[in-house]
Every structure is written in C-alpha cells, then in structure tokens.
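Each structure below is given as structure tokens.
One chain, subunit A, links the two complexes that follow: it is found with subunit B in the first and with subunit C in the second.
Presenting the complex of A and B:
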C-alpha cells in the first residue's frame, strides 16, 4: 500500500475515537444547551428553547455567579500559590545531591494520588477533633484552635485551596526543575563574577530564561484549576452552603441532582469558552519552533 | 561572618527548608498509612504509637463494603482502556511522527484541546445516551468515556517517543524491500517498546484515578475504587480507619507504578510543551 494512503489510514482509528469521545459530546452538549432538557421529562431533550438557558444563568441565577466567583478566586489563588511555592522548591532542589534527589523522588507520590483521595485525606487532616493539620494550626495560630474548619465558609475555602496546592506543587516543581536545568550555567557564573547578588542573578538571569516554562506551567495549572471537581466533591461537596461550589460542581449539581441537563449543558459551554483561549495559548508553546 | 561561614549558614537553612517541604508533602500520606492500621479508637486519639492491626483490611473486603468488587472494576476498566488506547494511539503517533499530512497541525491541536475540555461537559451527553441504550452502571460504558481522557495523552506521549527514534534503520529496511507495515512491526515496535510501556502505565494511572465519570455513570455494579470511598461515610460520620485502608488500596499500587516511570511524568503531563 502506498504511504500516501497508509498515513491517513493509520490515524483514522484515533481520529474516530477522539471524535466520538470528545468532539461529539461537545457538539451534543451545545445542542442540549438550547433545549428544555429535563432528565425526568421525556421529549424535553428535543424541545427547542432558544437562548433561554443562557439568559437564565446570567440574569436569574445568583448561584451561577457565585460559582463563577468561587472558581475565579480559586483559580487565581491556586495558580499563584502553587507557582510561587513550586518555584521556591524547585530552586531549593535543583542543585542535586542525595537529599535533594530523594526529595525529588518523593515528589512523585502526591502526584500519583487520586484527587478524590487527596480530598478525603485533607478532610481527615483538618478534622476538628483529631486532624493533624488542625492541631498544627491550633498551636501556630491560637485563635484557630478548636475551629471547625469545614463548617466556616472562608476556612473551608482555604482548606480546599490548600489541598489543591498540596496536590499540584510536586508536578510543577518537577517541571520547573527541568526548566532550571536548561538555564546556561556560564551565564549565571558570569553574573556572579560581576558581583551580582543571589537575588539579582535570579531576577535578571534565571527568571527570564525560565519564562517559557513558567508560562506553560501557569497555563496548564489554570486549565486544571478551572476544571476542579474531585477534591471539592470529597472535601466539602461545595459547602458550607455554596461557599466552595466551583463551576464544575455547580454543573454537576444542576445536571445530575436536579436533572436540568439543558441548563447545565449551557453553563458547561460557558465554561468551555475560557478553555479555548487557554488551549490556544498552550498550543502556541507546544508548536513553537526551537 | 566570613564568606565560608555565610555559605555554611545558607546551606544549613536550605537543608532545613527541604526537610520541612518533605515533611509537609509526606504527612497526609503517612497519616493515612498509619490510620489504616489503627483501631477505631486509636484514630480518634491522634496517637503516634499504637498496636497495629490488619482488621480494617478484613472489614473493607467484607459485606457491606465489598471493596474486592470495586478493586476488580477499577483494574478491569483501567486495563481495558489502556489495551484499547495504546495500539490505536501508536499507529496514529507513528503516522504523525513520520509523515506530513494535510491538516496535521490542526488534528494535533484538536487532540491536544480535547484534553482540556472539562470532564463535566463530556459526561452530560454520555449520561443521556447511556441511559437510553442501557450502558449506565456498566464497565463497558466507563471504558468508552475513559478513552476520552486517555487517548490524547497516549497519542502525544507516544509521538514523543517515536520522534526520538532515528529513521535510518527504517529507511534501510525499506530499501531492502520491507513494506511500511513490516517496518512498523519489526523495527519501530521493538524500539518503541519501553516508551509504549511507559505510556501504558501513565494512562493506567489516569484511568485508575478517574473520578467524575465513575461518579455519574455508576451506582452499584460498576463502581470503582475512588467512588467506593464514599461508602465509608457512616451515620456517625466518617469511618477514618476504613477510609484509610481503602485509601492505601487505591494509592499504593499507583505509587509503585509512578516510581517506575517517574522520569517521564513531566513529559507526559505537558504533552511535549516542556522538554
């Protein structure tokens, strides 16, 4: 068989699978978002409704705006904290040596952990009676002793953010260590010989060189933060009230608990829009010419 | 302080910071490992020293929790997902790596983009469809949707490995009269085997840890381990010793697998954006 035909045949099965499992659901979700779409009402999944699901979300649903707000704050906090802490840890671990490379090996563990299990373990750690982190914070910051973390809206939010940061620091650190390894040593040494302080070397030499890797890490983490569901579901289930209800959780709740498939498909599509921009930005880095 | 003293001071500070970081990273994991071997009473007393027991592992495999069934479902679903995904992804990855096609970049971008579609968007139409054709709460249904998250990773990761294999052996074999398919089978597959295994393990971990699809699609027969965690929420609150035992069963095998392929984790997750 000629390569010219074969090359398309080889990608065909993969294209079919990707189309069926990812593209079709996107299109079908878009269609559903314009229908009445009640799970318990036969025929409503074909009943055309126009833009009403979208206007309903924008105009009539404070809970929608709440989840947008929660997701936005959550994304900014987790992306910022994870990036800064991972950068610090990467700088600490990059030089190598026995202690540092064993630390790097251990970093793989939280990353291999199911996010749902991370949620469970943080609920455990912040249990007011016998949670270990709860006990730590109680000693460090006395007013926090004996508080019920997951019952307070702000503290529950803080715990959800901490669980996410904890789960993602290892991965970001490993990526940034890789990035640091590609910063040319002689440039750093030249700057040191010129008498630049450690901070100046970091700011003027290391950081600009790390730019592209940092950008990739921030985009990737933003995408995953926007999608967050598993930990939230296991830790707080969106509560107390709706204090930690992210968009994914809001969509899940409306679609699966209330059976409003049409409405939740509309909100889901609203969530796809920022993803398109982020994916576009990400693809630019993947396809950049070296 | 002299320069030498200052260097010693800072390297001591660094060592302490590294130890603190390791401590924070490990504490939640170690705590679960400890709690899994504690009795119900010991969990509630923040004890560091206790008489270990294997009782919790007996209980979680017994009625009413029957974790064995969930363990089987998780293993079966993740394994079959990988067995379907890897060969399909390998053929596509080879083609993307070796040939240039019309719309190739477009295809690769779309494959990359599907990875970023929120799972909750994908699952709504699948839920409706599976309800109509009777695939709810089946392992088959779960495998189908798991392909959505695993395929893009597999294609990109394997493409990375095949890109790294030099083309000259292939070309020599073609000159000697081998067909393209023979070349793929006899030359590329053996050389790419370690990369394929790495990709398979990576995808297995992702499928194993998957939560949202299983939460929405299963309720009794096809429940996987992460969803099984919800079983241990008793009327009197969370049963932490049992949760921890189940937690170990979920995470310990993944730790072993992840350590096997740790050099490739970054590459796999970033899909080649970071080399």
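Presenting the complex of A and C:
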C-alpha cells in the first residue's frame, strides 16, 4: 500500500508539469477557438461564437489554404529529402560503411545549432551583396550571380527547405546509423553469399529490417516539419508575400500581429489533428513490442 | 563442384595475426573440417574463402580461378552461418528461395526447387512461417535448405550445429553426413567439436593460433597425431600425457617409475602419450604397475578409472562390467603398440 502511494507521489510532479504546460494550454486554446478572441477588444475572450472561427478559415480565407499548401509541400519535400540524404549518409558512415571516424563528429555540428540560428546564417549566406552561397553560385554559374534568392517566391521556398534539410540531416543520420547497427550482420552477409548485388542486399535485406527505425524517422521529421516556425521567421518571415508562410507562421501572424487570438487558436487546433495521428503512430513504433 | 586452394593465406588486424600464412589444398568433392579451439582463426579462414573478409596476403583459388578480387556473390559458394543468418522478415519459403531469386532463376523453377530442398531437410509443413516461429533445430535446417537449394561449387558451414542441444546435435550430425554424401559438393566445415570433425570429415585440418597443426584423415589425426597439441585436442577423454624421461631405452616417469621399453635414444625430458583406451585394466599385481583408484566413473557404455600414478593422475578405460571403488588397487598395462612420445620443448612428436 505505502509503496503504491509512493509510486503515485513520485510521478505526480511530472503529471503536474505536463498538465500545466501542455494539457492546460491545449484546453484553453480549444476554448478560445470558440470565442471572438480579439486582444484589442476587452471581454471578447469570453464572447462565444460557436464554430465561426473554423468555418471562416475553411470558407473565407485563401491565406489559410495557402499556408496549408505551403506546409504540405514543405513537409513532403523536407521529410523526403532529409530521410533519403540521411539514409545515404548513414550507409556511408555506419560500421562497415565506406566512410567513418571524424566525419561522424563533424556531422553532429549543424544539429547543435538552433533552428533560428540556422535561419539567420542562411539569410546571410544568401545575401545578394556579401552572401557566401551567393558568391559561390556566382562563380560556378555566372547567370545566377545577380539572383536575389530570397526575393523570388520559388527560390525563397527552396532556400527554406534547404536550410531545414541541412539542419536535420545530422540527427536523423545518427538515428539511422543506430538502426543500421542493429541489423544483424549475418543476414547481410548471407545475402551477399546468396548472390545478391549491393543494391539488392540493401533493398531485400537491409531496408526491410530498417523499416521500423525508418518509420520513426519519417514520423518524427513529419511532426517537426509540420510545425516549422523559427527558420521561416528568421529567414523569410513568410515572404516574399506569403510564399513561405507555413501554418505555424500563419497562426503566429494572426494571433500576435493582428491580435486575432480566437481565430488563430482555431487554426492551431486544426493543426493539432494531424499531429495527434502522427504522435500516435510515433508512439506505436517507439513502444512497439519485440 | 571444384577444388579449393589456399596459398599462404594470411589475415592480420594491425599487429594481431588471425590466420598465419595458411596453405591448404581441398580436393574436389571433399568434406574438409577445420577443427580447433575457439579463436584459432577457423571462421576467418572460411570468411576469406567466401569473400566476406579480405586476406592481408595470399591467394584463394576456387576451381581454376583466383577469386581474391571476386565479390561473395560471384564466388558461387553457399554458406551456413553459426547463427544461421536467416532473413527475419521473410517466410521460410522466401528464405530458401532467396539464393535462386537473387541469381535470377526462372520463377517456374523456383517452386519445385524450394520444395525439394525443404523436403530434404523435412521442413515442408513450415514453409509459410517466419523464422521467429521455429525452434533452433528447425532454423538450422532452414539455413541448410537455403544452402542446398542451389548446387554451388562449394559449401561453407560455420559451426552449424553449435547452437543446438546435445541430442539434436547428434541427429543433425547424421543428417548432415547423409546429405553431404548424397550431394557430393566440396565442403568446408568449421567446428571446435572433435566428435563432429571425426564423424563428418574426409580430412581434418587441426588449427591453433592461425596455423594448421596437422592435416589428415580422422584416422590419422586420432591415431597418428603430429604433435602434442593435436594429441591433447583429439579424443575424449583427452590423451594421458605423462612427464618423464627416456633412460636406457625405457620411459621413466618424473616419480621414478620405469614404465615401458621404448626404442629411442635417451633424453632428459619427454612426454609419453597414451590414450585411456590403450591402458588395460587388470587385477592388482597382474599389470605392469599397481595403482590406486582416485575416482571410478561408470558412463554406462564403459568405465573410466582415474588413477594416481606417482604424482600424476591418468585415466584408463575399463570394461563396462568392471565395478571398482575409490582407493581400490588395480593393475595397469600399456599397449606398447599405441604409445606416443613428445618433446616437451618443441611439442613435436618423437617417432619411436
């Protein structure tokens, strides 16, 4: 009995912290999403509207759909690119791979940088006056010398994607190196002896056994891609126009800039829905039995 | 079908020598066993034949081709791994079929061949299962089926029975022997178990510290060991090794007992080797020497007498109906035709 009480007592602080910092804000945001919720209008935080904020987003706001589209494309591109590149690097760096050693240490560096810092540093690198990449491209491909990367909607989008991929590759590579290390070497060697080419060994034996780890990587990266904010904020601030405005940035803009707390809470809740599915899938893979 | 030649094959990791300039000629259709204690370089030798390990020096020949630069897939070998190396995400059928699929065998041919291989190792009813749902012995048979589904030039087997329990090991050993005689494919078989080596091999290569100590038929390595290591490693119970010297044509134990006449020059130090089976047990006073029993063991099919011999203990095998007690005195005689003499310094055999 006393052990039992103690058990609950020990987890209590964690429960309290999670409730105060995650559950309560979620509930409060849900409540606000049904109110007029304007920061500059006293009392509007208790003035209930029903589903109007939601229908407004769906029916009256092209900017909402724009940010949904931006977020979707951004997520697909960053998840795809990061996973493929990280897998390639992991194959090179894993025990038995072609590269090894100090490269691994070097690799972790970008991940040690905060996303905001990555945003700032990429902005400088693409600066048309003194940017490193800009100079680089200028020398390699002269017609690109005068391109102002962040002023063109498509190029700006590409730069944001690039910055994100660059920042995430290291961590996912390390996760995948761990995953590769847990694929029994016997099975790979058996396939080599059985007559499989390098590519077939990878496709038939390595990849299927890496599946669960790969799933975790993809889900985890999807969660982070969906909620991308800092890099966009520092690099392009959603622009030019709304070309790089992700959902998070859209929520921030409506809530903080325009004071439409009720409306942005509603959009935030719309974003929670895919997140719940992803988190559930993630938990399922991470805590899977055997 | 092919012969295998290893020419001065060496594997080093930094300073450490795993396999030391090994030369070996394995004949076509031969079943060769690499036998030795754990860590002596058996697996490494086999992996170099398979192409899973690059030799530091030396050559591997399979048939009339030097295969050093060939990938494992191009060497036309099949291997059974110690931990089987089954593909956990594939069914048993897919596991066995994989060598065929990987080599682009026609689909119509795959089914009958997988079924035939499964039949040979009695796995037919498990083809739909995953390896996880099989017992150790069944997994071992899947690994075997995956090897025999093709007819490769060479079979390589790395301690395929070592993960099985004792009883299953005996059954599988007989199955392996039967299968190997049926298939007639050159086979290299690695084991640290001398019974497996004796029972399966056409020839055995006994290894120690990356060097082959003796290459010969099971008969030769058992009855004509080349040195002290082979003599001590082969046989159960191990050969009795008695310290002493040779004086005036007789072996004298360190305790001073004059044992047997030996037709060899005198030497200060010598080791006499005699197997338990070559020590005959008699009643007290009827052998060459009387000794006291230190321990008496009845194994059912025979009896083992550990006897105190001066300062040393030796083991003699007695008749299965013999019954003695600890501290009883018995007479022992040595079979003079089956004695071995070794130089304790070089550990080489001294021919007598």
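We take it that the second predicted complex is superposed on the first by the 279 of 290 C-alpha atoms of A that agree within 3 Å, B and C clash if a C-alpha of one lies under 4 Å from a C-alpha of the other, contacts with A are read in each partner's own complex, and residues count from 1 in each chain.
Everything below uses one rule, namely that contacts are C-beta pairs under 8 Å (C-beta built on N, C-alpha and C of every residue); 3 or more make two chains touch, one makes a residue touch a chain.
All values derive from a computational prediction rather than experimental measurement.
J.: Pick one for A:81: touches subunit B only (first), subunit C only (second), both, or neither.
T.: neither
J.: Output check: A:158 vs subunit B and subunit C. Expected answer is one of first, second, both, neither. What do you get?
T.: In the superposed model, A:158 contacts neither subunit B nor subunit C.
J.: Which of the two partners, first being subunit B and second being subunit C, lies in contact with A:278: first, second, both, or neither?
T.: first
J.: Applying the document's definition of touch, where does A:218 land relative to subunit B and subunit C: first, second, both, or neither?
T.: The answer is neither, since A:218 touches no partner chain.
J.: Given the superposition on chain A, which partner contacts more residues in subunit A: subunit B or subunit C?
T.: B
J.: Look at A:251 in the shared chain and tell me whether it touches subunit B only, subunit C only, both, or neither; answer first, second, both or neither.
T.: First partner only, subunit B.
J.: Touching A:11 in the superposition: subunit B (first), subunit C (second), both, neither?
T.: Touch partner of A:11: subunit B, not subunit C.
J.: Once chain A of both complexes is superposed, is A:68 in touch with subunit B (first), subunit C (second), both, or neither?
T.: Touch partners of A:68: none, neither subunit B nor subunit C.
J.: Given the complex with subunit B, which residues does subunit A contribute to the contact?
T.: Against subunit B, subunit A makes touches at 1, 3, 6-8, 10-11, 13-15, 17-18, 21-26, 28-29, 32, 39, 45, 89, 92-93, 99-100, 103, 105-118, 120-125, 127, 129-130, 132-133, 135, 166, 169-171, 174-175, 178-179, 213, 216-217, 220, 223, 226-227, 229-230, 233-234, 248, 251-252, 255-256, 261, 264-265, 268-269, 271-272, 275-276, 278-279, 282-283, 285-287.
J.: Please give the residue numbers of subunit A that touch subunit C in the complex, ascending.
T.: Residue positions touching the partner: 184, 186-187, 189-197, 200, 204-205, 208-209, 211.
J.: Which residues of subunit B touch subunit A in their complex?
T.: Residues of subunit B touching subunit A: 14-15, 17-18, 21-22, 24-29, 31-32, 35, 43-46, 85, 88-89, 91-92, 94-96, 98-99, 101, 105, 107-114, 116-128, 144-145, 147-148, 151-152, 155, 179-181, 205, 208-209, 211-212, 215-216, 226-227, 229, 238, 240, 243-244, 247, 250-251, 254-255, 257-259, 262, 265-266, 269-275.
J.: Spell out the part of subunit C that touches subunit A in their complex, as residue ranges.
T.: Subunit C reaches subunit A through residues 50-52, 71-73, 75, 77-79, 81, 83-89, 98-99, 102-103, 146, 156.
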